[in-house]
Amino acid sequence: MAYFRKHYHAPGTAPGTLVSAPESPLPLSIELLDYTGERVEELALRSAEDCKPFLDRASKTWIQVNGPVDPQTLRNLGELFDLHDLALEDVLNAGQRPKVDLYDDQMFITTALPVYHEGRLETTQISLFVGENYLIGFCPLATDPFEPIRKRMRQPNNRRFVTREIDYLLYALLDLIIDEGFPVLEQFGDELESLEAELLERPDQETLGAIHRLKRELLIMRRMLWPQREMINSLMRIEDHLVRPDTLVYLRDCHDHTVQIMELLESFRDMATGMLDIYLSSVSNRTNETMRVLTIIATIFIPLTFIVGVYGMNFGNPDNPWAMPELRWTYGYPMVWVLMIGVTAGLVWFFRRRHWL
Amino acid sequence: MAYFRKHYHAPGTAPGTLVSAPESPLPLSIELLDYTGERVEELALRSAEDCKPFLDRASKTWIQVNGPVDPQTLRNLGELFDLHDLALEDVLNAGQRPKVDLYDDQMFITTALPVYHEGRLETTQISLFVGENYLIGFCPLATDPFEPIRKRMRQPNNRRFVTREIDYLLYALLDLIIDEGFPVLEQFGDELESLEAELLERPDQETLGAIHRLKRELLIMRRMLWPQREMINSLMRIEDHLVRPDTLVYLRDCHDHTVQIMELLESFRDMATGMLDIYLSSVSNRTNETMRVLTIIATIFIPLTFIVGVYGMNFGNPDNPWAMPELRWTYGYPMVWVLMIGVTAGLVWFFRRRHWL
Amino acid sequence: MAYFRKHYHAPGTAPGTLVSAPESPLPLSIELLDYTGERVEELALRSAEDCKPFLDRASKTWIQVNGPVDPQTLRNLGELFDLHDLALEDVLNAGQRPKVDLYDDQMFITTALPVYHEGRLETTQISLFVGENYLIGFCPLATDPFEPIRKRMRQPNNRRFVTREIDYLLYALLDLIIDEGFPVLEQFGDELESLEAELLERPDQETLGAIHRLKRELLIMRRMLWPQREMINSLMRIEDHLVRPDTLVYLRDCHDHTVQIMELLESFRDMATGMLDIYLSSVSNRTNETMRVLTIIATIFIPLTFIVGVYGMNFGNPDNPWAMPELRWTYGYPMVWVLMIGVTAGLVWFFRRRHWL
Amino acid sequence: MAYFRKHYHAPGTAPGTLVSAPESPLPLSIELLDYTGERVEELALRSAEDCKPFLDRASKTWIQVNGPVDPQTLRNLGELFDLHDLALEDVLNAGQRPKVDLYDDQMFITTALPVYHEGRLETTQISLFVGENYLIGFCPLATDPFEPIRKRMRQPNNRRFVTREIDYLLYALLDLIIDEGFPVLEQFGDELESLEAELLERPDQETLGAIHRLKRELLIMRRMLWPQREMINSLMRIEDHLVRPDTLVYLRDCHDHTVQIMELLESFRDMATGMLDIYLSSVSNRTNETMRVLTIIATIFIPLTFIVGVYGMNFGNPDNPWAMPELRWTYGYPMVWVLMIGVTAGLVWFFRRRHWL
Amino acid sequence: MAYFRKHYHAPGTAPGTLVSAPESPLPLSIELLDYTGERVEELALRSAEDCKPFLDRASKTWIQVNGPVDPQTLRNLGELFDLHDLALEDVLNAGQRPKVDLYDDQMFITTALPVYHEGRLETTQISLFVGENYLIGFCPLATDPFEPIRKRMRQPNNRRFVTREIDYLLYALLDLIIDEGFPVLEQFGDELESLEAELLERPDQETLGAIHRLKRELLIMRRMLWPQREMINSLMRIEDHLVRPDTLVYLRDCHDHTVQIMELLESFRDMATGMLDIYLSSVSNRTNETMRVLTIIATIFIPLTFIVGVYGMNFGNPDNPWAMPELRWTYGYPMVWVLMIGVTAGLVWFFRRRHWL
């Protein structure tokens, strides 16, 4: 996972330049869903031009482009729906920060879909163009992340959805994207808990790496969420016919979710930072304990070794009364043991007083 | 205690979906209290429909639902009182952040009741719907947390309460919920004090765990309090007939309490963070002291052991004048002791100069 | 000194409940000072009712209640001056955060008087009611903290004070309370300096405790000062006849002092936090130095001890040419010394290169 | 790389004083590009006066001064275009913070071009004067950083650029300057990644230096970016005919890029700060491990050495039954080995229990 | 250098009380400079009254009081120019935070002049009263800090200065005061660089003290600069005839400098804080390295010493086949060496694998 994951053109490139992304093995699919309160029609398009027949109808049209879109398709869609060059450039240059740009009769929204897979957080840029009665979505993944929405729209007894205007569809998509944050956070929460348990029991270098990685992912997630909240906020404040008053209560709910996710995230970040301190303290603690064991052993045996060393000296000339007379005493050997046991007892008493034993 | 404690639906679920909470052994009780300035009437309802007769009366009605509410009861109440789908969803999905949502002729308030029991902080979501002359409260606990309010309303000489409008009841409930923060903080304060005493005396790995746990609970409490202050603030600024001007002075008092609790909490958090530093410093300090003892013992005895080792060498060939003549000197042995005592004295002087002894 | 020092009623208690503070041996005194531009009259009241005669006069009246006020006296004063229940409750429940509450024709102000005595910071809640021509002050201490003000008012040549309205008296009291912060900060500053000196010389576990205690007191002081600044700010912005325009310039001066005290406090907090880092670094430094001494001694003597150990082995069978022939060489013993001196020189050179010696 | 890199005059110098920069070996070049929708004319000027003929034309004129500009040239340009003294002073005194100053019919913009070369971040001050139909740029480098823009203007099929007003040229230059941040950040990202890998494997003193250097460069970059964002913001909010409404959408794109760069930078800073903690933890961890090895070895061998020391004592007088009878036992030697193996086994069991082995 | 350096009166002192500063050996000088567009007249006054003749002239008058001003002189000036009591008190009570107070037809400005001398930062309070056509400055230093301004005013060819109104003089003084921050910051920058070099090479306890001192001075400087920026900001926003529109562009330049100084300062503070972390890491690193050396030496020699100890045991009874038969083997001694070399090789291999050698 790289730190810098933004696609960008060489500085000085003309704005609106569309450069093909690196070759990708993923297929491109263009799904069209045309609906009114009465009917829902689904169609897989072969090229951008195929959506022309739907352009002038009064029905609402949702075009979802999944997979790596090529500049040509983008340019065609741009001409058909009069999309702004700068916006089209942003669709191709992945790694945008979530935002809403308001053009004359159109909104351009970029947002990020978080996915936690194989123990790693990944984010995918979703781009949405919203007009009076159409919504064009772009997602670089092979599978459509919005399948649950499609399912709800198809349900014959759920007319409430399809009778509403296109902004309700926009809400439904954004709501899904934001709510994908909950399972990710749940994963983070689980990881934090298992790290915490590890931390207070047996922390090692790997725990450190795991905390670092977690902090990094929380940081990435946070970098994505702050502008997302701002984006929902802008949508709610936009004084434009594209967002109707009766959708506002739903967007408010969306906003609540973003704020909730962000607050959880912030407290996770706080906990992860606190964990590093705990880790450091734990290691210091263990070093201290190791030191204590060493000190006890060394402090007891070093003086003893000195004592036995004394009587290992070869001064034992039996004719010299000054030369280690102890060696010649009858109880010399037992007395040395008494001395050594005394020294040990004194040291144990000393350690007890210091609460080391 | 899990880090992530929010109930949520799978992303893409339709808004307002009511899903039954996991089976709970707690009983469900619906208490109705109908009052005017003249009389207070209490009733235990069997089902949501039983409150119908009270709907059109001019009296004020307080319906309190305690225990795990089922989707059906919720839906019935929703129909009777025209409650919004999104709000009903929030009642079931525990772990909401405190907020106030304003609907046409109704307010929906969620808040959290903090309880400190068995040495752990727990928070319970309280949901309140407030209309012109009714208040519906939801609390997932088995016992009614609002019994003290009920008692005050029943008192025959306390007419001041029951003559006021429904917003005063709302204030009384919120005031109780907020004031529950004080005993919790008092507990935190006591814990901080005992941790502090432990810290400066004999900190160990358990102190570390306790500080970590405390920080975590302070974080949870804080995550709950910030939006609660905001919520009270919104209530005070709402330009709606549901909150009457003469209740504002009481809400201001409520607000003061929230701010006070929050400031205490923030300073507790500061102290807890500071404690980690103190812990780390304490451990370093102890390591240093352990090291000093080891160093003193080792530094004194290692040279001595070397000296006695020298005279333990088997060079003592009496015919070789170069082979350790000291062994054959009359005062050889005492001179070794003089040497060793001299070395020890020198080292003790060295340690004194370094303030190690 | 407890962390949690707020008096509060059990959650759910009716607002405005007055509960007597715990029995206190301090006496209660009620001092009345009635003044106009022409005369200053002082009176010690026996009960709250005694101030009745002054109520309808045009003169300005200052009633100062010192010591532990009982609920009855408070209730009497409340009735005489029409004081709000919630405000009276706040007078008794010590530990309020400084604030100004505006009632119809009255202001209620709580603030905190900091005192640094016996090496500890203590704060006392001062409550003030200000009306058109009266000011009622409450201070739980036995001695009147406002004696210097009284002195200034009594001075016959200082007519400027007594000719002004009651808001100037309010300013004088607040100014005194705020300025009491300066000697406290001076104490903090002195303590910081002595801690700093200690820190860079011989920090020990007690220095750590002292830094921690200082941080805690700075935190308490800060918790008091922030709302105090806000309070002065509100007073300056209040659009009410109670604060006259010509008093504003004096309140601005007050505000300047609060800001100055707060900025000093913040930088003291910064320095105290920095000191913990210095402490930690100092301890690490000392551990490192201790380690270096140990390592030098051990690294020099351990190899030497090994060498002498070699020649202490009992392989000296004179008939076996392979069994330690060195023992039988004429210059064996001096050569061992040469070897040992060589090893020592090598190690000293090694330590010099590492800048350890 | 110096910390303080601002050129300034001695305090008290008159505003607008132009002092020649230190002698520089770089050549000075003045490039003029005059354009209308129909034609693009390029010219290398010998002196400032040469641009006079273009002053009154309706065409748009871009004068780019590269290299170390001398006070005289600056003064000449100042007279020709009526540039403000304070602005001219800022052109010479490098190290300005990015800003936009609005004069009567002119804007003065300073900004900073970041370059990452030879592993070091360098920033160059770019100054721009923008009038109704002219733009004067200053860049102290020898090579023109705006060559890509020049190329785009020259392209015969890119009439869109040259038909636009001078504010579009301004946008193009600013866009290039801001986008130069992306390759720099990419470099930072790469460095962070390699540091991270190093950190979790084998951190040493050099890693520390590298993290420190990186943090310092991120700080420098940040000090440059904050005011740059502000500057773009001012440009967008300026109510002046110099910035036309149809350029706003491009400036918004510019602004988005600045915000994105800044957010990346902030998260890089966060990661770099976190890395220091990881470093510290890693080192502590390694110290702990080193200690463990030492403790294990010492704790096992010190008691063994003591035991063998005991039997090295010269108490072996065969006639004294108290003098080490073990030496005379037939199985004395094997029993010592059994004892030593037993002690070792016990210690190994002890270490196992402590998870040290 | 004391932490608390504010002069204050005992709490409760009447506002506007002027108390003489402690006796100072510095002389007091009052310099008057009267100027119009045509002439500049300079005069050294003996007392405050001497400036009376200039009061009613249309010319602009600058009175500069250098040295320790006595209360009487201050009171005289106060009466002559109608200066407010609170402002006069602030002139004497040094240690004010920079501010601008607006009185009826007068401004009172306090600011701080930073000086870095003998390796220490010192700040001096400068007080300025500005009226319609006079400016009175107070500086407690013996030498006039504004000599460069005086020089510029005296220059006969610099009529631009003296033809402007008094607010331009104010700007010139403020500009000088603010620009004095640049050389101070340059000093800080140099110190940071030398500390940084020291830090990565051989940090010791003195480096720690130096970092701490630097942080403290940066804190003092910052406490001075924040309100200074605010003060310039107020001056620019004041809607008063005392600041004329054509001076605003100069004040904006001043403001730019303050912001630039502050940003540099903040990044210096960041670097200084980072340095403490580096210091801690460096010390840990060195401790670790010391430990490694000790561990290598000890781990190699402790087992060897044990081995030689074994053969120092006195079990060598030649008649007992169980008593150390090795001693009697022909190749016993060489075999012991082989064993010891083998053990050493094994340990070296172990250390290599752990990258300790």
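Here the chain labels run A, B, C, D and E in written order, and each chain numbers its own residues starting at 1.
Methods note: a residue touches a chain if its C-beta (ideal position, glycine included) is under 8 Å from a C-beta of that chain, and two chains touch if they have at least 3 such contacts.
If you're wondering where the values come from, they're calculated on a predicted model, not measured in any experiment.
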Smallest number of touch links from chain D to reach chain E? 1
Shared interface partners, meaning chains that touch chain A and chain E: D
Rotating chain C so that its CA atoms sit on those of chain D: what angle is that, to a multiple of 5 degrees? 145
How big is the gap, in whole Å, between where the Cα atoms of chain C centre and where those of chain E centre? 25
Measuring centre to centre with CA averages, how many angstrom lie between chain A and chain C? 41
Contacts with two or more other chains occur in chain A at residues 280, 284, 287, 291, 294, 298, 302, 305, 309, 312-314, 324
Starting from chain A and heading to chain B first, what is the chain order around the ring? A, B, C, E, D
Enumerate the contact residues on chain E facing chain C in the complex. 2-4, 6, 8-15, 84, 86, 96-97, 99, 101, 103, 202, 204-205, 208-209, 212, 215-216, 219-220, 223, 226-227, 276, 279-280, 283-284, 286-287, 290-291, 293-294, 297-298, 301-302, 304-305, 308-309, 311-314, 316, 324, 327-328, 330-334, 336
Spell out the part of chain A that touches chain B in their complex, as residue ranges. 146-149, 152, 158, 161, 172, 175-177, 179-180, 182-183, 185-186, 188-190, 192-193, 196, 200, 249-250, 252-253, 256, 259-260, 263-264, 267-268, 270-271, 274, 277-278, 280-282, 284-285, 287-288, 291-292, 294-295, 298-299, 302-303, 305-306, 309-310, 312-315, 317, 320, 322-324, 355-356
